[in-house]
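Each structure below appears as structure tokens.
Each of the two complexes below includes chain A, the first together with chain B, the second together with chain C.
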Partner chain A sequence: MQVTVGMGPRSRPAGESGLGWVRGRLLWVYAVLAVPLAWVLAFVAWPSFSTLWQSLWALDAVGRPTGFAGLGNFRALFAQPLFSEVTLNTVTYAVAATGLSVAAALGLAVVLARVRRDQVGARGLLIALFSPTVMPAIAAANLWLYFLAPRIGVVDWLLRALGSGGENWLGQPGSALAVLVALFVWKYAPYFTLFLLAGMQAIPPNLRDALRLDDPRGFSAWRRVLLPLLAPMLLFVTVLALLYAVETVDPVYVMTQGGPNNATDLVMYYLYQLGFEFFAWGPAAALSALLMTVLSTLSGLSLIVLERKAFHW
Partner chain B sequence: MASVRMDRVTKRFGRTTVLAEVSLDVRDGEFLVLLGPSGCGKTTLLRLVAGLEAADAGEIWVGDERVTTWPPHRRNIAMVFQHYALYPHLDAFENIAFPLRARGVARAEVVQRVRATAERLGLGEVLTRKPSQLSGGQRQRVAIARAIVREPQVFLMDEPLSNLDAQLRARLRTELSRLQRELGTTTIYVTHDQVEAMTMGDRIAVLRDGRLQQVGTPADLYQRPANTFVAGFLGAPAMNLVAAEYALRAGVPGLSLRGQGWLPLSRAYPTFSPEWPLTVGIRPEAVELASDRQAFAWGRVEAVEYSGFESVLVVTAQGSQAVQEWAVKVLGTAAVEVGDIVPLAVDPDHVHLFGGEHGVRLGTLAAPAEGLELALAVEGAQRPPVVAPSGPMPMQEVF
Partner chain C sequence: MALAMVGAVWAFPTAWVLFATFWHAGHFTVANLSETWAAAPFGRYALNTAVIVGGLFVVQAVFGAVAGFVLARYPFPGKGVVTALFLLQVVVPVYAVLIQEYRIVEGLHLLNTKVGIMLPYAVSGIAVLTYRQAFRAVPRELEEAARLDGYGTFGVFRHVYLPRALPATLAFAVVSVTYHWTDFLWPLMVTDSDSARPIAVGLAMLAQASEAGLQWRVLAAATAVVVVPVLALFAAFHRRILAALTTGLDW
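== the complex of A and B ==
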């Protein structure tokens, strides 16, 4: 950011009128910032504000305000019988998906940290690992739909070879949610691995050498040194996973439509239902406002903690 | 405590041979310094002893145990690193306590041993501080405390003082030497700093390009450097190394310094073939400006670097073939100024003679070294360097 550096009076060229020079520089700064600023205003700030605003108004079927509702939309939302079910689903899903994907990512990072780049197959392994991450969610969900189809799917085929099978994984409440969790882990764990791998590689090699000399079992090294040093990165990845998990909608839409028996109705899908199926725009706006507040608070807090706790080597 | 033995240790990284058949014995309780320029393989050798790298060939022994394939923690060796390698989120106490806790030492004993070690290193006041709140010297003391608290058989130190400023370095040097004497733990200390090597080591092993050049006491290395590399590496300013040719002067055998002077050579030496490369080495403090000895050359003082007790002069001698620069050390009180023309004289006892492609030490001008025949045989393996004294004398233009 040479521009901001140039703002300092010291770098001002001699002979120019001070005020005019500063004004010229400022103009330039704003000109450069104008495009991203307009972007943020139009696509982040304005929608956020209007969502919060709309959540306080009674809205008709096409979303036009018909009168001030206060907290009426929120009351209506909480009164929906589906709401508590969706909340429970989402919490279960988010906790399981986050926990498992972060644990898997940590395991992968530990393994990958040992793989040398010039080792045979290292490149192939990386490509295989990260292909789910770069695959569009819709495509991944469709792929899994075929994998899991009873009788023709590869999962059923494998299970039959082992003597069981004939299971409709998406047809039962418990297993359907578990499939969504598995899909999340499959898709995102490699992505989170990248962050944790970077975190591990940021630990100075000498520190690892010291641990190898000091710790006979490697247990203390992990518990007392490596995990605490990775903690900021783990926190970051966990919050990221939580945000992604709460935002999950595509696989629900493609694979289960929230069923069976609403067992996979997650909050984002529910939000979509509220708006585009039930045309309950008021409660939809209330739910959006609620989600926005909770999630942004969560990520804000995590950023603060991250900045405080991070080690600057 | 234990001795450490490296037996024909070889290490390659890809196609580069970092260590070539290094054999070295470190005695029980000894402070051995591995000295060499950067990239000579000294740190790699240390890491092989620690078990942080695996040797491609050769064996490593600690005491009576062959530890070549043992993992680092089993070797009961502690290491101190150049960049401290402290655990940044643990305070000084927990850093020092870590190796004990990891080994399951009882709580009370941990506290007692950490406190005792910290006291010994003057860290009593800062035990609750995190590494980021400690000065460089304190950090390195904590790292040293972490190494000694578990009472290992061997200490390995990898340039532990090179991140500190000069004053602190000098102080910690003394402290480390004292500590090592008190503990009596076998120590291998890597450095590229010859002052550290000379002041701290019981013995010094000089490495160059992965090959051991010489192992000996600091005095050995200083007074009888095995080759021109060791001669030039130890001592500041470096030894004056000048190419020479065997030349007779009025029937007296001697060495012509490429037209800049002539020095008589002991008759105990064989007659050298004129093609065989010879190098003369004279330490800056061995050059005498004012003496009753006959000058071997005259030169002009180009620079005087006064440092209190002594001054280092740069003197150029104009020869028939080239200009030779001499570093000369004199007392600070010497009245020498830039531009003075001064006589250069030297005691033949203090002039080292090196021969052959690798500049192997042959002795001083006054007397050949013991084992001269061997050195000549090794160096002359490809081409006989020695012309029998009874043969025809090579006549050369002298001076």
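== the complex of A and C ==
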């Protein structure tokens, strides 16, 4: 932690006394902040408010308000044939993707913590693990689409060598959602590992050494001492994973378009469909209001966890 | 051994596509690549992406540095509210208010433009908080010494504070660039022609078309066009990029 607040009169800029100077400085401060603040009001505060406000209005096919609707949009949304299915899909996907990616991230963190910088192949390992992190989700989805494709994909080729195969993994409801979960783990688990490694670095090395002497196999020390120390970072990563999972839309767009049989229709893609394919702007407005609440809560939560961890505002 | 396994598993999907793109009939080839390059305006997409991502970074950094400087060094009435507004920008992701952002951009007649894609992201709360943190760490004595040398507020900002925020700027650049060049749903909604489309959207369009036509080689090669430059960049700077991804949140 740094001490950053001013300490005593000596640290103030010379000549701060004098009312005119103070007033001039205030004017200058507000002038500098005016543009970014106006922008935040126009592009963050206003859309947040109008997302909630518009969900209460009946909207026509181009999205213009035609009259007050109360909770009518929400009733219409809940009555949509796909709504409960999409909710179930999203919850299943988010829970599985979050659980598996955080578990994988923890495993990777344990493995990577032992890799030395100069070890043979360390560079290759880092590139292999983190290339999914820096590529667009669209590109990642394409890679998976290609390697799972029936007849030409390598997975099918391997399975055929084992005597089965010919399977269209994206063509069946259950396996298609599982593929999306696996893709999420592949893309994000290494990224989450970075945060866990940063958390592990905060654990004093002499504590680690002492534990290693006490308990060479390290399992119970890991569980009883290190895991609790890592808990805030784990919580942060879990919230982040949930947020990313709820926001998932790119692989749905490229790989399944919500199919087969709507089994991979996730909430963000559904919102896009409601608005831009079905032109059902009323239900879309209601869904937006619900999504805004969930997403903002999650991202607010991640900030609170992050701040508690040691970072400071 | 375990490490090699993990690495191999993770590298596999990417390696397979690169192999399928560059290896045909027993030898190395760039035929797939050049064929795909001609199938979609990748140059256009790349240029659009560069303008959007570069422009956003510059605008976010300028607003972030100026607002961060004021928040770090000057007490003024309403500071708490101002900080809270910048935090609000971090807490409410663009994806949470997507349709309203679309309405605003539509109302400004900026659909299908690069400016329209950039507009909702132009001020970054993360940039403001990152710079605030970096500027707070600058010793006040340096500022006083510079003022005694006759520098005004702008001179102090320019010659004392900004140079010391260079590591923070680089870390923020990595976070901002990785986020925006991979962004998809928002630019998809805003664009309906190739004139402003960034590469992630173009790639998705091409993927859908080639998937429907079962042109798997085109799909593989198009993905390779996007992935190879990133892999090269990442291979060259991987330590700095990885470090930046976590310190970018250190505010």
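Here is the rule we go by: the second predicted complex is superposed on the first by the 267 of 313 C-alpha atoms of A that agree within 3 Å, B and C clash if a C-alpha of one lies under 4 Å from a C-alpha of the other, contacts with A are read in each partner's own complex, and residues count from 1 in each chain.
Just so we're on the same page, a contact is a pair of C-beta atoms (placed from the backbone, for glycine too) under 8 Å apart; a residue touches a chain by one contact, two chains touch by 3 or more.
The model shown is predicted, which means the values in this text are computed figures rather than measured ones.
K.L.:
Check the residue A:229 against both partner chains and state whether it touches chain B (first), chain C (second), both, or neither.
P.N.:
It touches chain B, and chain C stays clear.
K.L.:
Please indicate which partner A:103 is in contact with in the superposed arrangement: first for chain B, second for chain C, both, or neither.
P.N.:
It touches nothing on chain B or chain C.
K.L.:
Taking the superposition on A as described, I'd like to know which of chain B and chain C A:71 touches: first, second, both or neither.
P.N.:
Neither partner.
K.L.:
Could you let me know whether more residues of chain A are touched by chain B or by chain C?
P.N.:
C
K.L.:
Answer with first, second, both or neither: which of chain B and chain C does A:204 touch in the superposed model?
P.N.:
The answer is first: A:204 touches chain B but not chain C.
K.L.:
Could you tell me if A:95 is touching chain B, chain C, both of them or neither one (first, second, both, neither)?
P.N.:
neither
K.L.:
Of the two partner chains, chain B (first) and chain C (second), which one does A:31 touch, if any: first, second, both, or neither?
P.N.:
After superposition on chain A, A:31 lies in contact with neither partner.
K.L.:
Starting from the residues of chain A touching chain B, keep only those that also touch chain C in the other complex, and list them.
P.N.:
311, 313
K.L.:
Of all residues in chain B, which touch chain A in the complex?
P.N.:
So the residues of chain B touching chain A come out as 47, 50-52, 71-74, 77-79, 81-83, 85, 87-90, 94, 98-99, 101-103, 146, 150.
K.L.:
Hey, which residues of chain A end up touching chain C in the complex?
P.N.:
So the residues of chain A touching chain C come out as 2, 4, 6, 11, 13-14, 25-26, 28-30, 32-33, 35-37, 39-48, 50-51, 54, 63, 108, 111, 115, 121, 123-147, 149, 152, 154, 186, 190-191, 194-195, 198, 243, 247, 249-250, 253-254, 268, 271-272, 275-276, 281, 284-285, 288, 291-292, 295-296, 299-300, 303, 306, 311-313.
K.L.:
Which of the residues in chain C end up touching chain A in this complex?
P.N.:
Residue positions touching the partner: 2-4, 6-8, 10-14, 16-17, 20, 63, 66-67, 70, 72, 74, 76-77, 82-83, 85-93, 95-101, 103-104, 119-120, 122-123, 125, 128-129, 133, 136-137, 140, 143-144, 147-148, 153, 178, 181-182, 184-185, 188-189, 199-201, 203-204, 207-208, 211, 216, 219-220, 222-223, 226-227, 230-231, 234-235, 238-239, 241-242, 245-246, 249-251.
K.L.:
Quick check: in the complex, which residue numbers of chain A touch chain B?
P.N.:
The contact residues of chain A facing chain B are 204, 206-207, 209-210, 212-217, 219-221, 224-225, 228-229, 311, 313.
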